[in-house]
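Heads up, the next two complexes both have chain A, just with different partners, chain B and then chain C.
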Partner chain A sequence: MSERFVEQVGQLARRSVVRTARQPANIVFPLVFPLLLLAVNSSGLQSATHLPGFPTDSYLAFALAVPFMQGALFATMNAGTDLARDIQTGFLNRLALTPMRGVALLAGQLGGVMAMTAVQAAVWIIAGLILGVHFAAGAGGIAVIFVFSLLIGLGFGALGAFLALRTGSGEAVQGMFPVFFVFLFISSMAMPRNLIEIKWFQTAATLNPVSYLIEGIRSLIVIGWDAEALALGFGTALLIAAIAVSLATFSLRTRLTRS
Partner chain B sequence: MRTLSVAEGVAWRVLHNVFTNPSLLIPSLIFPLFFFTAFAGGLSRIDQVPGFDYPPGYTAFQFVFVLLQSAAFGGVFTGFGIARDFESGFGRRLLLSAPHRTGIVLGYVAAALVRWLLTAAVVTAVALLVGMQVGGGAVDLVGLYTLAVCLNLAATLWAAGIALRLRTMQAGPVMQMPVFLLLFFAPVYVPLALLKGWIHNVATYNPITRVLEAGRGFLAGSPTEVGLAFAVTAALVVGFSMWALRGLRSAERAG
Partner chain C sequence: MADEHGIVATGLVREYKKGPRAVDGIDLVVHPGEIYGFLGPNGAGKSTTVHMLTTLLPPTAGTATVAGYDIVREGPQVRAAIGAALQEAALDPLLTGREHLRLQTTLQGIPRSERARRGELLLERVGLSQAADRKVRGYSGGMKRRLDLALALVHSPQILFLDEPTTGLDVQSRSALWEEVRRLATDDGVTVFLTTQYLEEADVLANRVGIIDHGRIVAEGTPAQLKADVGRPTVEVVPTDSEEKERAAAILARFGEPCVAVQGVAVRLRTSDADLAEIVRALDAESLKVENLQLHQPSLDDVFLAKTGRSLEGAGEEEEEPELALEPA
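Moving on, here comes the complex of A and B:
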């Protein structure tokens, strides 16, 4: 990897972070909204821990994995919308006239998303610790959660970039929000899969990759070191990242027409 | 009479825009269904929690929340439209052309109500299709839907007041967040008696709790806190009517 390439990626990642930082709504909302939902849901559903077979006596600990996914969802939307704006305003075309390598654009954009994801992950972890959540896997588990959330951020950020490059429209990217929302809702977000009573919902949650991402993080908070949950979680996150980055790279190649 | 003709014109335009534009219509139909599916489907085992006592079952328990939520958010979505109208300059032209400007607010309110009635019909149909049990009779159901209509009116007037004062789409979170908080700080997932800690205290004093409990009572056929619930929604409608009309004056002053 040449020094020049690294510099290009660094510049574009910096631009991505600065652009996000200049829009307080893009920082505050993805941080505040998941925390608010966490507070409401963990208090409202605490009595669910009395169900036989519920894995913990703290719904807060159970639900703490969810903000990581909600944060990834917002990261997808923000990354996609920003990139779509670059396309709509002609920034991408002007960039194509420079010696910049196409892949640096994508890497820079994703670097910015991952920086935002890192901030979010730190906030969720600190919030959990302040609220008294005991991380069953200890300090090592917290480190793994951090790395895991970066991987999720990479995959979802690339998905947002793919949508932006494919459609070239911020509205189209925003229009995908309900679709991602469905994936989040029809998952083991609120209840362990084995305790979901409605059969079709349980099947949908089992087929839904988001369930495995949530369960991967949740296992480190609630259970400890669960090899199966971690393998499924990391495997799913790696697969999503690999597919999304490949799709985004391919779409970038067709979008970035050089003169 | 002139006020009504202005209201009719504004309402027709809003409804025409909404019903011919899928990006405006679909979210207001889909989001309540998401919530209903996720809550009633994913959390159905909650009705086995010790102390949970709601005879029609968890689907009906969640249906009332989703119905009231859709009513409130139907009003907020209309508020977004008002903000968009003023941001694009259409609202200003509306102020210039309307002989009785109160009709503008009335028109938006009427449009929000018609728009929500469609959402309510879809949510109700889906709930019945998935086997929701209804314990209440016709009078109870009229009570439930009247409460929801009042909440829709109150939310629309609240959002209209914000939109008319700020006149920008960026006011969206200001319209949405308080409504969201009021709704979710009520007993959403379990009855009030099963809530513990700070959320129990907040829910006890949250006026929406009375509306939610009364709505659930109507659906179960055992009305409870009816007078209080209607008093709360009536107060919200009256209060936010003044709020919206003063917002209209603010928009007029801004020119």
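Moving on, here comes the complex of A and C:
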């Protein structure tokens, strides 16, 4: 990897972070909204912990994994709409006329998304610790959650970039937001899959990759070191990241039609 | 025909699937150090041509070299030799002017030690030093255009493409930009390919003008040549008493053949260097009181009218250039 390439990625990532930092709504809502949902759910659904087989007696600890996913969804939207705006304003053409390598643009954009994901992950972890959540896997588990969050941010950020590059429209990217939220709601975010009584819901949650991402993080908070949950979680996150980055790279190549 | 340091296009075509032939076989040569004005209405194919010449859009047919490099086979070399300020200043409203230059100098591979100095120099040159740390969303249209130009010059390009650089600007900003473009060509020897829909801009700024309509170049030459080809000046007389129009027409007929007048009566002069004083003396000798007398030199609009049968003003309202994202045929 040449020094020039690293510099290009660094500048583009810096731009991505600066852009986000200068739009307070892009920071505040992705932090406040998941925290609010966490507060509402953990107080309203605490009684669910009395169900036989529920893995913990703290619904807050159980639900703490969900903000990581919600943060990833916001990352998708932000990465996608920023890139779509670059296409619409012609900024992408300006970049295309430089000797910049296309992959540097994607890496820079995703680097910025991951930086924001890191901030979000730190906020969720600190919020959990302040609210008295005991992380069953200890400090090592917290570090793994952090890495896991970055991987999820990478995958979903690349998904947003792919949508933007494919459609060239910020509206189209934002239009996908409710669809992603449906995926979140039909997952195991509110209840362990084995305790979901409605059959179709349980099947949908089992087929839904988001369930495995949540369960991977959740296992480190409420169970400890659960190899199966971690393998499924990391495997799913890696698969999503690999597919999304490949799609985004291919779409970027098509979008940058320069000869 | 080959010109290693300018622009040479031969039979350049861009056709869109389910769309029109946006560019329909363009042949042109732009010499080094020249300001070439590409004049035409909206939708004529100007921007599509620029996108092809800057390697952003592959041509459907034809060939072109820019700075001696083939636009299809030698894209990276072409891009290294050119700067471009495309239609609508492509800037990030959330970044400052200085941050734009930092990004652009890095992406253009300017050595780290030179970046800041180069950025300062360009900001000063386009008169944005004071506003360098303000976010671009607070810039006026003229400031955005000037920053756009500075960004295009970061790597000292041999050839500069400016796609409608003054559209939407006030007269003062337009004049400032013209002055800078002229300076770039005369002092720095930069070849400038400038598209415009403004007759005055092409007339004042360009050494040579290519007039494009429906994807084809319909006329090419220096502004003076083009106007001379179209014809001679016209003189229009508006008598104080409108009943005197016939008498005024009879006097004017001594100097040329009648033509369409806006208000009074008019003739196209027999020679391009006719003496207006003679006409005034003839009118005076006949005691004809005149409210208004005007000499109209042929304009580039007359050239456009002569070549296409339409006036350039409003000609582009019929059709816009297709989206560049459309799939090629």
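Assume the second predicted complex is superposed on the first by the 258 of 259 C-alpha atoms of A that agree within 3 Å, B and C clash if a C-alpha of one lies under 4 Å from a C-alpha of the other, contacts with A are read in each partner's own complex, and residues count from 1 in each chain.
FYI, a contact is a pair of C-beta atoms (placed from the backbone, for glycine too) under 8 Å apart; a residue touches a chain by one contact, two chains touch by 3 or more.
Please read all numbers here as calculations on a predicted model, not as lab measurements.
Peer 1: First (chain B), second (chain C), both or neither: which does A:I186 touch?
Peer 2: first
Peer 1: Would you sort A:A96 into first (chain B), second (chain C), both or neither based on which partner it touches?
Peer 2: second
Peer 1: Applying the document's definition of touch, where does A:G44 land relative to chain B and chain C: first, second, both, or neither?
Peer 2: The first partner, chain B, only.
Peer 1: Go through the superposed model and pick first if A:G168 touches only chain B, second if only chain C, both, or neither.
Peer 2: The second partner, chain C, only.
Peer 1: Give one of first, second, both or neither to describe whether A:Q23 is in contact with chain B, with chain C, with both, or with none.
Peer 2: Only chain C is touched by A:Q23; chain B is not.
Peer 1: Classify the contacts of A:I198 with the two partner chains as first (chain B alone), second (chain C alone), both, or neither.
Peer 2: A:I198 sits against chain B, while chain C stays out of touch.
Peer 1: One more residue to check, A:E7. First (chain B), second (chain C), both or neither?
Peer 2: The second partner, chain C, only.
Peer 1: Where on chain A is chain C touching in the complex?
Peer 2: Contact set of chain A toward chain C: 4, 7-8, 11-12, 15, 18-19, 22-23, 86, 89-91, 93-100, 168, 257-259.
Peer 1: Can you check the complex and tell me which residues of chain C touch chain A?
Peer 2: Counting only chain C, the residues touching chain A are 54-58, 71-73, 75-76, 79-80, 82, 84, 86-88, 90-92, 94-95, 99, 102-104, 106-109, 112, 135, 151, 325.
Peer 1: Can you name the residues of chain B that touch chain A in the complex?
Peer 2: 23, 26-27, 30-31, 34-35, 37-38, 41-46, 48-52, 170, 173, 181, 184-185, 187-190, 194-199
Peer 1: Applying the document's contact rule, which stretches of chain A touch chain B when the two form their complex?
Peer 2: It comes out as residues 25, 29, 36-37, 40-41, 43-48, 50-51, 171, 175, 178, 181-182, 185-186, 189-191, 195-198, 200-201, 205.
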